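You will see two complexes here that share subunit A, one where it goes with subunit B and one where it goes with subunit C.
Showing the complex of A and B:
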């Protein structure tokens, strides 16, 4: 259902023929010391970096180009050059108790760093190169975590703030996205987009450019090297390659800088970003401690590590979803639209003495018809989450929905909402640190691996005994 | 007029091309696109059509670097009588060391001439018949077999990378060689899907061969072997894949109309050919957001979609959701409750109510 909100944003952008802002708060934390990285790979070669531009916000790029990345010594020279900068950057971040952040143009570039990290950290004969792979792994391993702030794609970050009037897949071209943000005057938007699409913004050069320009130059460089040409000739051949690749990486680098300027909108930061920063700093500190201890970074996780990581990712996703709507107007609107946040007014209530307690019940009328609720769900009053309620019934009324809830906690601290009061109910704020306790329980449970992950035969099927209280049985598993 | 002449007439001045598994697989990605289907059945690749018929200058080719790497990897796996491929199968336990009967069809009659191609086809059929007859001399590995797939009533030759079977297996499974890095769960799913669909084209061709001979088509199982390479190295890896969904999608694409040459001919005026740009662009296409991944005509189709402000420009969900409105322009009018605009149908009224409500929500929330 939130898709409709995205769709109308795209329709509005199409109507205005320029990107529109569809967020009330900034959704990403931009580190002032962030490192922009724009690698350019050779087509077909997954791990070969031909050129790279690197630098800080509003700084000119440092560029490294090599003659032929298929030559291992040259490739390692580029990686070592990059490694020096990453090592220095990580060291500075660690000393400050902060976390590092990389910015790349698009998810293609992030994917390239991922494959590069996977390859380099298993280098056997060159410890400095291996170290670069390990350090890069920090950012690439964080990528699948919801709300991570370690490896940012310019296109992804822009799309959290702006909507274009095209398919979201087309937003992955940074040049096209920037064209939507600032259509060039005197040119139709569509013509400008077609022109922008011709510029390389990912990690691979244009095949036609490869065929006509780059391949002859690289071949000449290789031939000169093979024939033992003079250093002058070799330098000349190298300069030829560098002169055609430098403008391309510079253009990508400049586009990322432009994206960062667009992201610096005069709007408040989403409140959840504070917690995301804390999580990132803690993840980085833990990663670096692991490096100090020489902990392995395997290519494929064992069953235990995989289970832990899966739970961590789920936890990050759920926590982010729970916290996002607090203090962020647009995120709250989305939650209301999807029925995860319920707005309404109190239309009735009872207070009944049950034993020693007084049980307060409320009936809340909401105009929302798409509520994602079921009996026994626990919700909180979003303006003061100390008031907790349990859903007892959900009924379709003549206009909207009637929600019957019982107050579970907080009626004395917050007070029982009076008839006619406007209320908003939603999921409680996330407990980001709950994972520590969860990990302890998981470790105990995973001391014996399930049969699905061992070599033994599958156990004989046991008839399942249905628990008398299913809800309690489920709760016991948490 | 015989079939060859009819297809040639349809093609017009364009030379016949063998589109191979990749060409057929492309149709399965967008089975509703009649333009793509017509071109494929007539044996004209979208790239050729874009370049030579529509004279577009934005057709992407493969980078020579990638091309060289692909060829090098194929050579590495298949050289010396496919020794590396065979070793990989033995190492994985999928073939016994004694199951070393390897035949390279390409070596029988290399070359592109009609006679050479027919020779490769007949040799492939002979070897498949051996396996079907459970002959112990049937090869375990057939490198680059040449199969024929009937698509739209026209035979299309395809050359899968290889076929493989143990001695005790009833029939062959298709093998595909790709120089993508094998990254386990991180391997690009789009690459994997494309490779599996190409294998599925091979399975469909094997099934047609079996049906034509009166054998049980299902012995050509919906499974394939995928050879990828270790990240950053030239070492091959082998993954066994179930490709039921991919085979279904290929068979559906083959079965969907137009299923015969007559139906394709009906799309083209009697006086016209596919080489005529006016005729080609008049054949209905179906623009999808993923067309750019596989079809060189995507830029042209996108221009056509823009001209009619097709909701497909905003993706599949928009296309489906805005179907009652029919166009983006109309949807915007409905969304903004433009003066004088009222819904034409009940379905449009429902869409209007929701779009208008969402537009209000967006404006209020994003602008405060």
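Showing the complex of A and C:
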């Protein structure tokens, strides 16, 4: 249902013929030392990097291009070049107790790094290359965690802050997204988008460019190498390949820089980002300790590792969902729309002595269409979550809906809302640290895996004689 | 020589004996597939009582939700009042009075609060996973609604018992997991897979039993539900028909679908004019409540086996919707006179039943058909909660919507199942069957 608000934002953007901001707070953390990475893969070779641009915010890129990534020594040279920079970057982050952050253009580029990390970390004959794969795995394995800040896509980050007037899938082209943000003067938006789409912004070059331009150059390079050409000729052939790829990675790199400038709006950060930074730093520290200890980074998980990962991912997702509606006005509006936040005014209340304590009940009138609640749900007052209430009933009234709640705790600290007071109720804020306790419990519980989750046989047990008429014997106990 | 006819009752009884015998035979783990209304919870009770009282064992019962734990506690306490039971709950949990007041029930919040000897303890899976004891503490672990328990939760509690009974309905809602699962998509025993399926993938020799009879559903309903949702689990109804009637005859055109159950038609669809209503269709909610009210105004009654008439009361009626916001829209309209009608989502309706059910079709009034709305389990749960009659409410155009949103066929290597396609096919089949049997009644406008 929150999609409706996104649709409205897209319609407004379409109406205005430019992207509009649809968040009151910045939704992603931008590390000042962030590393922008723009790799280009070779067509048909998903794990082969032909060229890469890398650099920090507002810095010119360092670019590495190789003649033919299918040549293992050349590919390893590029990966080693990249590895030096990543190793240095991770070391610096670790020394500061901070976490590293990579920025790529789009989810296609992030997916490419994911495949690359998987391939490199299982390299058997070259430990330094394997190490690069392991380090990259930190970022790529963090990617599925809700709220992760390790591997950021420029398109994904822009869409947290801005809505374009096009289909969500089309937002994945960074050049097009930037066109929506700043339509060029003197050109219709549609024509500007058509032009932007012609520029490569992912990890693959244009097939026509590959066929007509790149392939002949790479073939010439390969032929020169095979025929034992002079170093000068080889260098010339290499330069020709580099001269056509360098402008492409540079354009992608510049586009990511541009996206980062758009994200650096003079608006406050979403409050949840502080916690997300803390989580990321902790995940990075833990990952690096694992590297020091030589812990394996398997491609497939056993039941224990999978359970830990699932618990962590679900925890991240639920915690982020709980905290997102606090702070950002659009996020709060989405929660109101879905009925996870309930706004209303107190229209009645009772205080009744029950045993030793006084029980306070409130009737809250709400005009919201959607109410995501049911009896016995526990909610908090969003402006002061110390006040907790339990839903007792939901009834339709002449105007809107009446929500009947009982105050569970916090009335002495916060006070009982008076008749006429505007209140907003929602789920309590996330307890991010619960994961630490949960992991501790799981570690203790799973010290030895139960037979149900090993490949070993089920334990043999001595059978007993089966008496007759088992049901009757049980019925006799009623 | 005279051949003895084997009845559905005989088959049901033999299946229960086979389940109970597993514990004497010391079967380390078994999976019990159960169609809707086959008496899963009754088997959970019997297994627990047998192990506690006859085998002097410690039993832990695992549910998915607190509501299910409350339900089992109530049934055990009322069915076997002399047997002490324990329920493990957190101190903050709101416990309904009717549960807290059960005389044979003791609430516990830690391992030290449980007895040292034989016991029956109930808690939900999450609570057991947090339990402050990490060694084997029970002889038998019974998991109710096991197909809703993902393997990553099962692994956290499996080590607490020697033997395992995984009981569930394979046609119901799969575990609710929101996170991205790409990493494990090709793993048939992955952490997201329902515990019984993962156990069998890991240990193919695991004993698999099935209950052959539904006690809740009548044969008319089974003839719709079984082919659409359980093509691989054959079952029949114990009761061919449960008649009902009205003291006040129907006089309005809209009474026609309400009268269908009096002619033995236990499933009927009421179709409102097409409208894109989004998730919350207030007119639909109003129509459903008006229909509930009309059934009660006409003094509906059920005809028991002995011919007695039981007047239908609000407590005997349930309303099932796909989403919580839809539930809220119906529930608020039931106040004040119909507050006892149970209105819940499909997820929460699992394990529960009512004689009369009013179901909002998950695809009603939508422009799309997502995996959530096509989920076979969700619709299957909603259409199998009734023991007498079920009315399905939907906007016109669901069939064409299904045709427009045919599944894309996104398959994972090594995994045979395609839940989206299965859901789509089940939806198609059900609508087709309803149409073929003239069970779809179009009403010209919303009822008030």
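Following the convention adopted for this analysis, the second predicted complex is superposed on the first by the 439 of 478 C-alpha atoms of A that agree within 3 Å, B and C clash if a C-alpha of one lies under 4 Å from a C-alpha of the other, contacts with A are read in each partner's own complex, and residues count from 1 in each chain.
Note that a residue touches a chain if its C-beta (ideal position, glycine included) is under 8 Å from a C-beta of that chain, and two chains touch if they have at least 3 such contacts.
Fair warning: this is a prediction, and the values are worked out from it, not measured in the lab.
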Is A:464 touching anything from subunit B or subunit C once the two structures are fitted on A? First, second, both or neither. second
Where does A:330 make contact in the superposed view: on subunit B (first), on subunit C (second), on both, or on neither? first
So in the superposed three-chain picture, is A:77 touching just subunit B, just subunit C, both, or none of them (first/second/both/neither)? neither
For A:448, select first, second, both or neither according to whether it touches subunit B, subunit C, the two together, or no partner. second
Tell me which partner A:46 touches in the superposition: subunit B (first), subunit C (second), both or neither. first
If you stack the two complexes on chain A, which partner ends up touching A:189: first (subunit B), second (subunit C), both, or neither? neither
Looking at A:4, would you say it contacts subunit B, subunit C, both, or neither? Reply first, second, both or neither. both
Touched partner set for A:30, first subunit B, second subunit C, both or neither: neither
Of the two partner chains, subunit B (first) and subunit C (second), which one does A:372 touch, if any: first, second, both, or neither? second
Quick check on the output: what are the common subunit A residues between the subunit B footprint and the subunit C footprint? 4, 300
For the subunit A and subunit C complex, residues of the former touching the latter: 1, 4, 144, 146, 300-301, 303-304, 306-307, 309-311, 313-314, 316-318, 338-339, 369-374, 376, 378, 390, 393-396, 401, 438, 441-442, 444-455, 458-459, 461-467, 469-471, 473-474, 477-478
Can you tell me which positions in subunit A touch subunit B when the two form their complex? 3-5, 7-12, 14-15, 20-24, 42-47, 111, 114-115, 118-119, 165-170, 190, 194, 198, 204-208, 210-211, 214-215, 299-300, 329-330, 332-333, 336-337
Residue numbers of subunit C touching subunit A in their complex, please. 13, 16-17, 20-21, 24-26, 28-29, 46, 49-50, 53-55, 79-80, 82-83, 92, 94, 96, 129-130, 134, 150-156, 158-159, 162-164, 177-180, 182-184, 187, 189-192, 199, 202-203, 205-206, 278-280, 282, 324-325, 327-329, 331-333, 335-336, 339, 344, 348
Residue numbers on subunit B that touch subunit A, as the complex places them: 58, 60-70, 179-181, 183-184, 186, 188, 231-232, 289-290, 299, 306, 313-315, 317-318, 321-322, 328, 331-332, 335-336, 354-355, 358-359, 361-362, 364-368
